[in-house]
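Each of the next two complexes has chain A plus one other chain: chain B in the first, chain C in the second.
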Partner chain A sequence: MSNAIEVQRITKRYGQKVAVDDISFEVRRGEIFSLLGPNGAGKTTTIRMILDIIKPDSGTIHVLGAPFSEETKKRIGYLPEERGLYKNVPLVELLSYIGTLKGMRRREAEQRAAQLLDELDLGAYKKGKVRELSRGMSQKVQFAATIIHRPELLIIDEPFAGLDPVNTEIIKNMIFRLRSEGATIVMSIHEMHQVEEMADRLLMIHQGRRVLYGEVDEVRQRYAENAVIVSGQGNWAALRGVMRVQPDETGRNVTLYLDNQTTPDQVMAELANSPNYSVRSFAIAVPRLNDIFIRVAGGEAKIAASVPSMAEVRS
Partner chain B sequence: MSLHKIWLIARREFWFNLRRPSFLASMFLLPILFVGLAVIGGALGAASAEDISAYKAIGLVDESGIVVRADGTPYLTKLAEPFRLYRAEAEAQRAFESSELDGYYVLRANFLTTLKPEAHYRRDKVFGEALNRHLLREVLKPSVAAQVGNPDLAARLENPLGEAKLYRIGNPQELPREALFAAVFAPILVSSFVFLMTMNVSQFLMLGLADEKENRMMELFITSARPSEMLWGKLIGLGALSLLQIAVWIAAGVAFAATQGTDVIGTLATYQLDTGFLLIVALYAMLGYVLYSAILAAIGVSVNAEREARQIASLVGLIPVLPIILLVSFFTDPNGGVALVLSLLPFTSPSGMPLRIAVTNVPSEHVWLGIGLQIAAIIGVMWLAAKIFRLGMLNYGKRLSLGDIWRALREGRQQIISARRAEEVV
Partner chain C sequence: MRALWLVFHFETMRQLKRLGYLLVTFGVPIAAVALFLLFRVLGSSAAEAGTGGRGDSPLGANVLGEGAISEDSPLAQARPMGFVDHSGLLGNVPTLIRFSSEEAALNALKNGEISAYYVIAADYLQTGKVEAYFQRFNLGSLSDVAIRQALLSALIRQADLAPQKLALLQARTLDVTPIAIGEVASQATENTNLLLANVFAILLLFTALTTSGYLLQSLTEERENRAAEVLLSALRPRDLLFGKFLAMNVLALLQTTLWIGTALFLLSQAAGILPDLSGIALRADQVIVLVIYFVLGYLFFSSVYAIISALTANFREGTQLSVVVILPAMLPFYLSVAFINTPNEALPVLLSMIPITAPLAMTLRASVTSVPLGEVLLSAALLSLTIVACVWLAARLFRVNMLLSGRPPKLRDVLRLVSERA
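Moving on, here comes the complex of A and B:
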């Protein structure tokens, strides 16, 4: 089966500004794919080109195995970043209208709308209107409008913006369930911990260019420095191969940065064999996505230069 | 385009706007208001029409010989109140100046030619229709009848063409006199009525779009339907609403007339109005609706808020009524340059052509040319509106400049977001 999305060397300019610069990537069927980047990086433009709202200046895009067409619209759900709904229409009527536009039968859409509102803890508001809801509740209704027709491909721009932790969890669980039912999910998102927790793969765009792309774990490993994190007692600086010791904010853990000749295995062996150390935990240091994001978005040119090509990642 | 999606959007627009309080108010309260005004106005009119008790004494000077003989004696033995006969205008003038009279009539020597009595009155006591009619019925007609001994002949003073009968060529049924008036003004009334209604409803379209843009809903819809499907759906749904409104108003008018003892449908049938002509009027009105709806839709997505949309729409609304403003040109020179241009120009022909047809025989090629130009304009404006629609919906919180629109037309979706806006949205 073909990929859910295949993007080949797309470029988009607005006057002198290059919004998207020669970007290629693919989204595999059934995965949660995260689109990352600082404000103004080109994420929304990329999404709009995928959805055929705007055309790229060059490059090709295939969605669900073919160039975007009117038929494709029925198979995708899109939650835009700038979003809203009719304020004076009862919720079931509103959702079923959107469902019918996506090809559902009216009765089926009404039943699905009622079911979704129950699942989103909005069952009491079925006859209510958007203007009567809080911002968080409106966000959930917008999410329901995006998935009412059970799309094969879901593209969601900042799905957790404005949601409290409880509602974030509800939406997150719904996204996981959609994935388990076979849907492909593309998320443009700022919350890095959510990406680490949810996404299978990611693409990071910075100043219109692709700067990170691949499996989330693999990307984190790629940016891992030669270091370990330990907690316990002992003179950490005296260990062989340790160049620098960096305690964390709590003071309970320390990161030991190793020279190029020393491996984590060697450090672990020395700690295990030496009576001068008491170790409670030991782990290889892997950077958080947030740190990688800040480093890359902060302008580390060498990172951009060291990004593997698409062919490398595929292999 | 998907007809099913157009139908879904049309149905939604129809039911949603039908439930709007402002629409319900205009549909039901306005007829009630009009009926109320008609009842009050009629009652006041009826009261004032017959009331001449305010006049204390009115002088009458006859130089024509209708009321008095050559020797100065009147034909009538007793003159009806409040009239007083004077031999010469100077006498009446003196009595008027000394406040003995509220005013006086003079029947000049050529009165039988003009049939217009000369009236002299004070500014605070104008001679109304009631007094004129009183003079005619109680003084002039009886005086003429006394002279010729034939009351029927005297009746012709009031209605000189009373015995003339009107027929439409090829139809043996006699036309009522009002049919002459109806033939000229019915098309004007129908076209004005229909067009005002469509302007009203197409404003719902524009305000709805401004609302959807203001509430950030466009991007959700554009991944569900084409802009042209959305435009046509809205246009058809609101058009149906307009027809419903007109039907309710007509039904209310007919029902009210029935309570007053008037059979509107039966009366209209006797007027023998040209149905082909009325169909042309309806066609022009319908095309005008589509054209102006598309224009207002484009405005709706170009602006940033409902308030701005209303301001611009009020200016656009002046264009279709231009022929009504220049009505005199249509009556004085219906085939002249002004009338010709206004009846052919797509933006003014919805009211211009019916007006022109009402007052002259318009060549059929002009009628069809006007319809052709209308259709061409609709195609052009719908195309333009769909482009602006796509551009406007992605430029939230921003009014589109003409430059933005021009770039979008030139470069299509390659440049759909303005360069200024691009800084914010990428």
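Moving on, here comes the complex of A and C:
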């Protein structure tokens, strides 16, 4: 089976500015794919080209196995970052209108709209209007409008923006359920912990160019430094091979940066054999996506500046 | 096509449920009928009071006093009419006053002794021509029953039943040509034409602007509530544009039809009160041109407003920008006197060819004269091409502005996005 999205060397220029510069990637069927990048990186332009809202200057895009067509639209759900709905239309009527535009029959769309509103804890507002809802509720209605027609491919831009933790969890569970039902999900998102938790693979765009691409775990490993995270008691800086010690915000965990001649196994053996240390947990340090994002988007200098030196830790 | 229909259906039903639309559409006719009934009730009361004051005197020439009734009042028609017979056919006519010369009749008319007089031409038997002179031209008051009866009687009395006389008896006993005297009468005739022309012009403008207002509101809505991109992922911009375009036009047409229907009904009920309008008649060619330009004008204004709505971020900006179109479009209206007096001169013809002024210019001209076919075809062709171009541009701009998501478009954005592949 072909990939859900295949993008080959697309470029888009606006005058002198290159919004998207020779980007290629693929989104596999059934995966959650995260599209990352700082503001203005070219994510929205890329999404709009995938959705055929604008055309690339060069390159090719295949969506669900073929070049984009009007029929393709009916198989895609899209939640844009700039989003809103008609404010004065009853919710079921509004959602069923979107559903019919996506190819559903009116009766089927109405039933599905009512069902989705129930699932999103909005059952009491079926006859209500968007203008009567809170921002979080409106966001959930937006999400319902995106998935009402059970899309094969879901492209969602900042799906958790404006949602409290409870509603975030509801939407997240619906995304997982859609994936389990076979849908492919492309997520543009800034909450890196959500990417770590949800995404299978990612693409990071910076200044229109592809800077990170691959499995989430593999990318994190790629950026992993030679370090371990431990919690417990002892003089960590005195361990052989430790170059730098960095406690986390809670003070309970400490990251030990090792020199090139020392492996995590050696550190673990020394800790186990030395009576001067009491260890509650030990793990190989893998950088958080947030750090990788800042490092790539903001430059290595910012990362370096944010890390305290060994001397600072020791003092 | 299905998407266009869905948009059309959704927009139509949504607007039909809006209180504002319902109030304007049905409230105006209801208010008009209510006002009419109120005036009628008040009028009846006043008439009853007036009749009581005058007693039971019949409305005749020798009974009604001058000055008791205004010149414009329908009751002024109760004054007698006169006639001058150059043909020698007529004897005394019971309900008409005979004058020996036109000069005497004219003096009587000017003095208010009579409301009108007929002049039977010397060659009446050959031409059937009778002229009617009025102090104030008034189509509704033209009742030629008395003179018609008198002439018919005279012809029958002759009874030689020559073919020409038979024809006159059967079809055209007389062909009355109304002629107004002096400046007052001339002005009255002009006013009638002006009134007719202005009624059509205002009707066109009013309908077009009402529609355009709805359209402007509707087409800026998605950008104001940020629903644009959601909808663009489901349908083509042109389906959204045309669906809304059709829906708003149907709604405006419904509203206009209801209003015009109510107005016509009220006019028919008020025929006795407004006799000036009862005799207005247009030739078929005039009607055709008026209908063509009503439709074209309507589409032109709608398409221009579609462009305006695509160029602006919200309804308020659109309303402000629309002045740029409305002012030049109304130019013929400001020059309507020139259109009435010299409808086929250079200026009216020129303005009939310029698309933005053509709808009103042609409406004004066609109300008062027969516009040459060549000019109609050329003007209509230019206007139609402009409409097509406007709709095309509106669709492109609409797509552009949808992508800008409520941000006011800069000229370079517009040029860039319009020229790029859709």
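Here is the rule we go by: the second predicted complex is superposed on the first by the 299 of 315 C-alpha atoms of A that agree within 3 Å, B and C clash if a C-alpha of one lies under 4 Å from a C-alpha of the other, contacts with A are read in each partner's own complex, and residues count from 1 in each chain.
In the analysis below, contacts are C-beta pairs under 8 Å (C-beta built on N, C-alpha and C of every residue); 3 or more make two chains touch, one makes a residue touch a chain.
Bear in mind that the values here come from a model prediction, so they are computed numbers and not experimental data.
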Chain A as common anchor, with chain B and chain C clashing or fitting: clash
Partner chain in contact with A:Ser34 - chain B first, chain C second, else both or neither: neither
In the superposition, chain B vs chain C on chain A residues touched: B
Touched partner set for A:Tyr97, first chain B, second chain C, both or neither: both
Touching partner for A:Ser138 - first (chain B), second (chain C), both, neither: neither
Partner chain in contact with A:Thr168 - chain B first, chain C second, else both or neither: neither
Which of chain B and chain C A:Pro80 touches, first, second, both or neither: both
Which of chain B and chain C A:Gln194 touches, first, second, both or neither: neither
First, second, both or neither for A:Lys17, with chain B first and chain C second: first
Overlap of chain C and chain B interfaces on chain A (superposed complexes): 14-15, 48, 51, 53-55, 70, 73, 76, 78, 80, 82-87, 89, 97-98, 100-102, 142, 145-146
Chain A-facing residues of chain C, complex: 3, 6-7, 10, 14, 18, 221, 225-236, 403, 405-406, 412, 416, 420-422
Chain A to chain C touching residues, read off their complex: 14-15, 48, 51, 53-55, 70, 73-74, 76, 78-80, 82-89, 97-98, 100-102, 142, 145-146
Residues of chain A defined as touching chain B within the complex: 14-17, 19-20, 40-45, 48, 51, 53-55, 57, 70, 73, 76, 78, 80, 82-87, 89, 97-98, 100-102, 142, 145-146, 208
Complex contacts: residues of chain B adjacent to chain A: 2, 5, 8-9, 12, 16, 212, 215-217, 219-226, 390, 394, 396, 412-419, 422-426
